């Protein structure tokens, strides 16, 4: 199980390179300010653990519940998401005090122990905070990217695999299909949307051993990929034209070729690196252009290594980019959301989204899982999203 | 096979109650003017059949190809969809002349016969026109509904089943699940998206023998269904609040209870009638409220009667309302779009839509099929869309 | 005084070239459908003359008051302006019946005579209808212009001065300024906004004897007029960039030079013609480019000939294009709106508009007046608007 | 003449109560972040004074010219105004360093002296900075107002007149009208838009000796002022309905009556205080309701005391709220903008705005002038804007 202090500390380490100003801005409605993330994950512990389980706990501020509830309808009104960037107070330092206040009460609560349901909520809260750690990074990157000075975030507090070390080179991983069990079962932690484990029927298939690279993507661009409607879903083509897309998010052309905005500032595009910041529409069009398709999420799960397999780094299954699948995000047969407010966690987003598998460089170590189901709308590009092909 | 003149004539019968003014207006971007429908289906025959197969054919007007192409990227530029309602000329009468011009050439072409591929395109063109017949009706209803005078369209040119005659009353239709073949195979016509026939693995399930009725829906409203966020997908709740939805489209409250705008003008809501003009978001929320769920499309197909089964009227499987399913609209495994421009027919819409099954009162007789896959975005309400439950 | 039947008949002559479809569409919120104009001016007589003065009058349709009230808050709710194009019924023919019904009652009322107040309202109603005659033409032109077929409206039912016949060639008309009386006084008809006649103090000035021509405007374009921000008001520059303006409305470039959409369809731009369909922003920028300025409306009035002066055609003071002035549209000192609902006629638009003087080719003969104050927002271009310089 | 260090220091004193987070956010496109104001006024000195006059000056940062140019087209491209709130770096502290860098060079330049044109630009730069001091306060107030915690800015660094001390109580100030000189002439500083001094012809008039108070405004509200279309300009009524206005900006109803958000946080509305944060539309409607009108700006100027008259505090002519006039903001006859880029200062905003006179509590002491012409669009409410009546 994750350690409370380890996870909480990691959030602060991720926020450390960001100034109070950096932590305040919301660059688009999808993005939340850094200090909002820091407060929201804290509110989760305050609301779902301390409130019901610590009779002596005093809330840090009466109105923080309103400001830092993300989307839990069952626990009351909340500040509108698109207006998170208008809140300058509490500032970054005061959020730090809020975190310390809750940490103090939480560590005492943890020491006192508690029943299984409390343990489950604690574990959920920590995995929830890890999710927001990744969001914090991708949101901060988006904020900084809109500054003409192209300022750097800096290095992540964990090792990131070099692109060339992730290449597998072995072509395709075949599978005979048939009835295959998919989803989570057993003792380890999983989100409710990974359950119940169930059988699916697959036709024989192959999944690429490697991720699609920046070099591959440049060939797609050079071949007119962004100008050929026959490659695109109708909705995707509409977005391409309306937004003027001609490359992944954060790429920009220079006299010396493509450059991209990264956490370290502007860098030349590395042909060997996994392509990132592409939408599902782009991934789907690329696959069609390549004479292939995206894998179903059950196909991906059937052939991917376990996330803690030391070999998993090869082939980029984890730790590089999330990988779009052909599967819309729907509930597994027999899915039952958790009871209470936390039951809103995943179930109510099961429409208009596509599933992604694997994990990305900004995913905290230990958070990835073979059965993990990430999801974003098909036009989203600000997450660390790439693809591998299937056929 | 459908008769060319029968289908063509039916379109004109459906347009007959609509004045030149009625045929011109586009009430929202999803809607097309009646005279556009009449011209577009004609352009299909002109472009895909006469053009390649009738060397002596002279196009009726050089620019109609631009005006009446719907979305076929492969056959050139086209007039923007949201601006179809700005085109006053050609008028309704001139569109009639265009239709006669093409019909004359088409009947000659049909008499000359042709290879299988021509026959296939002819059949596709006729089924395409039947689809637009239904669109014509639902679009005209929407146009008329925005007039404070609530003018009537009138009766459809085919018999419509009375609501109470469609009640089955037998509760639930059970099925043991297992490996089930789904999709079209064989000689009769089907759209490409119904193929290939393939196996799916289903858990045991039940599907309701009856459609959800207006009376059922009124109970949902009375129980606060439109005010309880826990019943809704997050995206759906956003739409409910943004649009102020509190009942199906076309319902409005009066001192004497709910009334609804119908093809015959304003009518009291009939509790025994199938609820119609609800979005997928509403159907999904209703099912959750009812302690049930929407069926998968494979489940629906496994238990539905054949469309030409005389018993099919019972239970409202066909001819009342399209029935939302829990299945996002995606390609069947191994799906290959048709070659050429007509390959754009269905495949490029396979994202952000939900599948519907059955058929509606405005579906032309003979057009329905058990394997038929209709699809709309989850917020759409102007089609004749209802639901039946599953569990 | 204007003749009732003459004015009413002229409206129908202006609508005659327009099909039922043409008469239905609203191409932007500023535009009203032809059949709406025909009905609205009729509603004016029904509401303000027949209602209070003809006890036996029966309204043609109970809901027409709702549909055809333009903006008179005092006489009740009304259909939202941007939705006028959604009303297909009553159709163009039924509007004709409505007009005949009201004409029958009105001619009887006129025969019976009436007090001065009734005579005043009658005269106001006829001048109001003449205003809508011009709106009908400019709105219909806009609707037709959005059709890629560029269909023609045809000839107006009155003679239009040829461009070259309007050239004066005498340069500038000087004036010593001083205290000058401006505004309407006396017996003839005038709108309330032309009163009271009052003194203004003017510095010495000159006004150009001729209108700015298309040839002049082409020189402005060629000199980068649309690409030089220093020539523009800040709001104007924002519009130029946002809308991509690079020429007057209805001009479009071809290999053979500029062409423009006219009431007769597409025509080459005539260098000798008065430039038309330019916004105030463009007129103001042109004047700055030319080292001049727009005249104040009092300056214009001080030097313009009377509208019924046979010499007035020379110099294009009337009958070519409305001429933008430097004057925002505000009330004259001591202005008092008319009592009752018709008091809403002009006063409530006295902000965010610029005044225009003269008249245009689409202004009905006899409607122009030297003291006439027309007004449009500074970005408007669909009226027949041009300019003459001052300094 | 204003002292360079005094003015520069005052800006920093005004920013001091605002945290780095407060200084970063842009709450609407009209608003600029505090740190942007601090940088922009600095850029003005760097660009227009140091650049041309100090050969040894090194710009602080190459890209600040892009980031902190407000609207001067003549000095190059600039960052889009609505995106000012996306720039987190440079932060508030680095802006402080930028200011110090420029101040150091500027004080040296001032010591070296310079020709009259340099002195003029210096004076312009300081008055420009004073204008932004007021903008800084009103923008910060708007940012803080959107926070549900309603945080306080605190006290201004100069004395503010208590409301009751500003009451005059003497009713109306009469004037016989006639030819009156208006505008600036002579030695003291004035903006170009206050010149040239010129004669206008006024009818006899009276202007109220007092400002309209919050108590007056409450009576207007209670009398249905926001619900009676006959009181409003058409454009204003559209805004009232679209925005749901029912009171001045920052007022909100409670069980204990109206409260308002102030620089000191939430306070009960003081009936004796001058009403503030009303738009021109509201001021105009109020005047109509009161049976009066707004004064022309020449009327205001003809009866107002001089700004440095010790008696001017009585009657609230200065230092309470800017006072809307009936006059659209246009150039004075014979107006010539200054040469060079600073000529863009005022002239290009002379359309779609209404003139205001006097000054407000947030106007820096010494900045007000009897001939001063402030201007805002008629829907603006976030400035400290009120009114006095005329008749």
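The chains carry the letters A, B, C and D, assigned in the order they are written, with residues numbered from 1 in each.
Quick note on the criterion: a residue touches a chain if its C-beta (ideal position, glycine included) is under 8 Å from a C-beta of that chain, and two chains touch if they have at least 3 such contacts.
Fair warning: this is a prediction, and the values are worked out from it, not measured in the lab.
Asker: With one step meaning two chains touch, work out the least steps from chain A to chain C.
Answerer: Shortest path length, in steps: 2.
Asker: Provide the C-alpha centroid distance between chain B and chain D, rounded to the nearest whole angstrom.
Answerer: Taking the average C-alpha coordinate of chain B and of chain D, the gap between them is 58 Å.
Asker: At what distance in angstrom does the C-alpha mean of chain C lie from that of chain B?
Answerer: Each chain reduced to its C-alpha mean, chain B and chain C end up 46 Å apart.
Asker: Using mean C-alpha positions as chain centres, tell me how far chain C is from chain D in Å, no decimals.
Answerer: 37
Asker: By residue number and range, which residues of chain C touch two or more other chains?
Answerer: Correct list: empty.
Asker: Please categorise the chain-chain contact pattern as a line, ring, star, complete graph or other.
Answerer: Topology of the interface graph: a ring, with each chain touching two neighbours.
Asker: Residues of chain D touching chain A in their complex?
Answerer: Against chain A, chain D makes touches at 19-25, 27, 35, 63, 66-67, 79, 83, 85-89, 91-92, 143-144, 146-149, 151.
Asker: Per the contact definition, I'd like the list of chain B residues that touch chain A in the complex.
Answerer: Contacts found on chain B: 71, 73-74, 179, 198-201, 203, 229-230, 232-237, 280-281, 284, 326-328, 330, 333-334, 344, 348-352, 354, 378.
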